[in-house]
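Below is the structure I would like to discuss, written out as structure tokens.
Chain nomenclature is as follows: A, B, C, D, E and F, assigned in order of appearance, with residue numbering initiated at 1 for each chain independently.
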């Protein structure tokens, strides 16, 4: 169930059964010459909504813009300052915690978000401790990257092997293609396999990876692959969420 | 064109033609017993995407959670602190301004956002002045509520008259119904026409408007009405955006 | 009674009778070639003090500098960042709330303050909810522009008609002239009636309104008009304050 | 000249002659059973305005509410958080610096403001350095307490000797009495000379100084003394301001 | 060379040779019944100072208190809020960057710091871009955990095998013992090997790990092991730093 | 006892005997051509650790980087923004207060820290009041400069007389020399006695005091003097701390 498509009495009823919710968090940033700028938000929405249906679990509104400073030399990329993203995550969690939610599984679509999400969780725990003391509800926040589950990882390896890379990957482009058929762009990828390596700030990124891709060959992407990857990722996420709720 | 569905080379090309963009901003909050929690985000997306197609104009990612403190006594409602929302709007605009965008039309779906959006614009102008001095690009930010255009206003009056009210209105419920057919809930509205009046904080709101509606009778909503309202609002928005870009 | 001219035992006694207070909020910004930079603070002080005497109601210290970014291309104009103004309003209200005040009527003298005041009220309600939970005192904050009351509006129309405009108006110049006789400047106004229209940032403002006035002809101002306007505005404010305190 | 009573063309003309301005900063806090809550703002206004007239120097709007946490157990006292006060001082200075002002003499009426004013000056210098680099205008900020000048100090000693104390002093009560004749309250002071000593937070303050005074006997205050003290302090301030402007 | 033990002319001379610096960052938190609260700061200082001597490289002042919210149920533990730690790292880097330093290798002693350090780096890059634009110096920030180098990892495995665990490890206790001989405490460890597993907030941590250790048996620690580990870690760090400076 | 060298059970035991702790706070800034950049942190650590041993009192981790904006034109100097330093002090105190500490004596080594430390104390008291209300533990924070005690002051006068000055003084250089024998630099001081006077921002400081010293002749410093000064300062600090704990 998507929170956005529920009414408040439905949420009231849900809370009698479960204190858990999934929170998709993506990014709005270049994904190479063929990939969609919204890829990271689209992938996590697609997967989390599917898992939500499978488990009858609530899925919150997607955080569409994340921490993507390093992509800012490519037109259309957007970023929040880390402090803004911390505030957004904190406000989302505190809003929902005030209604009784206690377990928050952030389903992440962008590696660059990970440190800031981690900072936000600590900030939330600390605020909770300071504001409510010993008697406060014990909130639990966890983040999982959609591509890290065992099934989806195996499937990516099988489908793309060493053409996968780490940005504008055929996996993520496939999932976005499955979600928005016909939107992936046609463009020559030169070289077909993008360079890899460490980078620092936005200028450094653009200099090392001139068309935006890192180590990937997204020409291998397809809607059909996207469908299989979505299903695999949704199954992995379902396992993860069930385990998260079951933890004592 | 939705930014999320574009590639970075497409945005690069767009910027050679236009410095303008529409930015949908909604809210995630109760909309009475029948309305969707995501109504305000859904309405502005639906309308802005349509206008974007009509004008071949870019539409940024939706800000889905806004300033909705006063709805927080209803399960599922979410809110950003005003300072967080200011930071989000500032980061969105500054990200896009760094690529060369200069005119930002925020398409708003929630009255409670208006003061904070206004604060954010001043903060953006002031930062711009301080950071870049006399030579800075002149950014222009403007906000328009989707329900304020002449055609959509006339149509709402015609369709709903004094059943419209000001929260969980049949207009907004209709647009959401058109966007997500079959999702509007069935529930008894008692009284059919909700009470009206001024309110202060969240507890005060709940006490005065026990089921969340203000002055409205959303039983009058329908998908068919939603379609007509969407078209009217999109036409109004197109006029407004054209005029905004044409201003010297 | 002005808070600044009271002693603490007097405030202690007052709080046994009333939980209400008026809070003047103005601005320090150019008011055209003839108007005083302090006009917006002077007008609200003058009016609120008068109403305070009429009703034996407490009036807090004036916030003299507001949100006036758009006037910053004119020497002597001052502005707070919106985030600073939010913090100031929050600290004022929280200070007084800690003594038992619960109803805060902000008497505003500057249109540019309105969005930020609105943001501040939401921030205050949210902080109150978060810090004190369900048992917190219910604070009520409201803002009223001194020129919006029915009597003062009618009188302005009668006295100035279409020479009123929206900045450096003959009304506000008159009230300031009444408060500080002899201080209004002599300067040629060219054209006599200033241009009108929408504006964006500070540079845009100065370009469109080169001497600072918008749509007004302040040569119509006089101390005598100021006295009548002050009395009318104070009467309107008294009605508004009484109604505010009487609200259940 | 008071900035609030000037027009923008007058400020433009002034800046061709001088880059200096005086900034009164006070507090809104209990001053014992007889003193006015606004004492610290009233004293600095009265003195700075007088000096301003003597020297034809500009005086900015008064910061009326300062850092007065330790007085918060007495009804009517108000305080800004230190971070808010830093932001206010920074915004005041940056506003005026953008017009060309470079030397800011803060005329202070409250000991509790001193650390935060000092913090603010450093914050301003650091921001200036960071925002504008080597080419930035060199701002100079200095604070002077009105009671610290040689003439006013000698006069206080002569008039009040060991009845002066350090809070709700006969000196400050006298200056306020001179500014607002007839407003000083009549109340029994018991003991006539208040206790002295170190204190920590607000509760500690109230416990040690139950009627709010520290070490003072304000029954010695009078309007006549206030007049002499005001003149002495204004003369001291004039010397200080002249020396400040003359510094290379 | 330790920055704290240098004079400013020495730093001036150093900058003609190198733009690099190592920045130790630790934590002040419980390390089980036998370990020192300062372990994480002590280990990184000890190792970075040694590497600094080996390479004639500058080492900045240690950040002694980090992000340790999860240890706060154990007396003596200290933590910065993530936002504070971001500000500290930013101010350290910006201070040094203003002198010409460009490459900052943070030598980290505490896993809990990692997300916040990552957030800080992005914040620094973004500020740099915003404040200085295209012409800004390109700063490079990187973090390395002292226990992650190949030699020290191999040695830890060899010395402690599955007694290592992840908090209050025999490795870190050994390095601290080597740095402060005689200070490791004698206490019974029960059970000898502490439990392992995931944890959320501070209360959750204490409940799962009642004496503070995670998965470790620090009774295996010794000064002799500490000496070998320090040497191995310093050699690893030297390799890492050299490679970092050599990167194009 | 140094907190960093204690275990958590030791701190738990300590808290049964005492609620007090000493907190060294220094700076990382130029100290003239011969002095160490870390002088202000080294002096306070050396003295506070000694006093801690004398009294069996706990000493927290040193704040090594303080507010030193005015030294930033000398390579190697570092500074926190005042707002960062306030946050650091607040987080240190709140961390320790959550374990039961109530009396915090900050042992300060740098005059430039004093205003910001004062701001921080007020911020801490205000947060405490707001978060915990009437029932909150009463925290007491106090700051003492190591050079202000009666014995150390007399000894400085005796040893250095008018060669002492106010920055890069022979006293502080001596204490650092005693702490780190052999590290004081050899450099010609020209003129031997540095100039004195008021200063504003960093550029102004460097212009007036070209080698960084103010009014001092650090060639008079020696390790032997440092030993005597350390002992005198530690004895003064012990008296101060005992008195602080004994205050009702």
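Convention: a contact is a pair of C-beta atoms (placed from the backbone, for glycine too) under 8 Å apart; a residue touches a chain by one contact, two chains touch by 3 or more.
No experiment lies behind these values; they were computed from the predicted model shown.
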Notebook entry, point to check: Both chain C and chain E are touched by which chains?
Noted result: A, B, D, F
Checklist line | Pair exhibiting more inter-chain C-beta contacts, A-C or A-B | finding: A-B
Note to self: I'd like to verify one number: the distance from the centre of chain C to the centre of chain F, where each centre is the average of its C-alpha atoms, in whole angstrom.
What the structure shows: 47
Checklist line | Shared interface positions of chain C, touching two or more other chains | finding: 72, 79, 81, 83, 129, 131
Checklist line | Residue ranges of chain C in contact with chain A within the complex | finding: 129-131
Next item on the list: Please give the residue numbers of chain A that touch chain B in the complex, ascending.
Entry: 2-12, 15, 28, 30-38, 41-42, 60-62, 64-65, 72, 74-81, 83-84, 87-88, 90-92, 95-96, 98-100, 180, 183, 185, 187, 212
Checklist line | Residue ranges of chain C touching chain F (in the complex, touch as defined) | finding: 94, 131
Item checked: Of chain F, residues touching chain D in the complex -> 67, 69-70, 72, 79, 81-83, 86, 112, 114-120, 122-123, 125-126, 128-129, 134, 138-142, 198, 200-204, 247
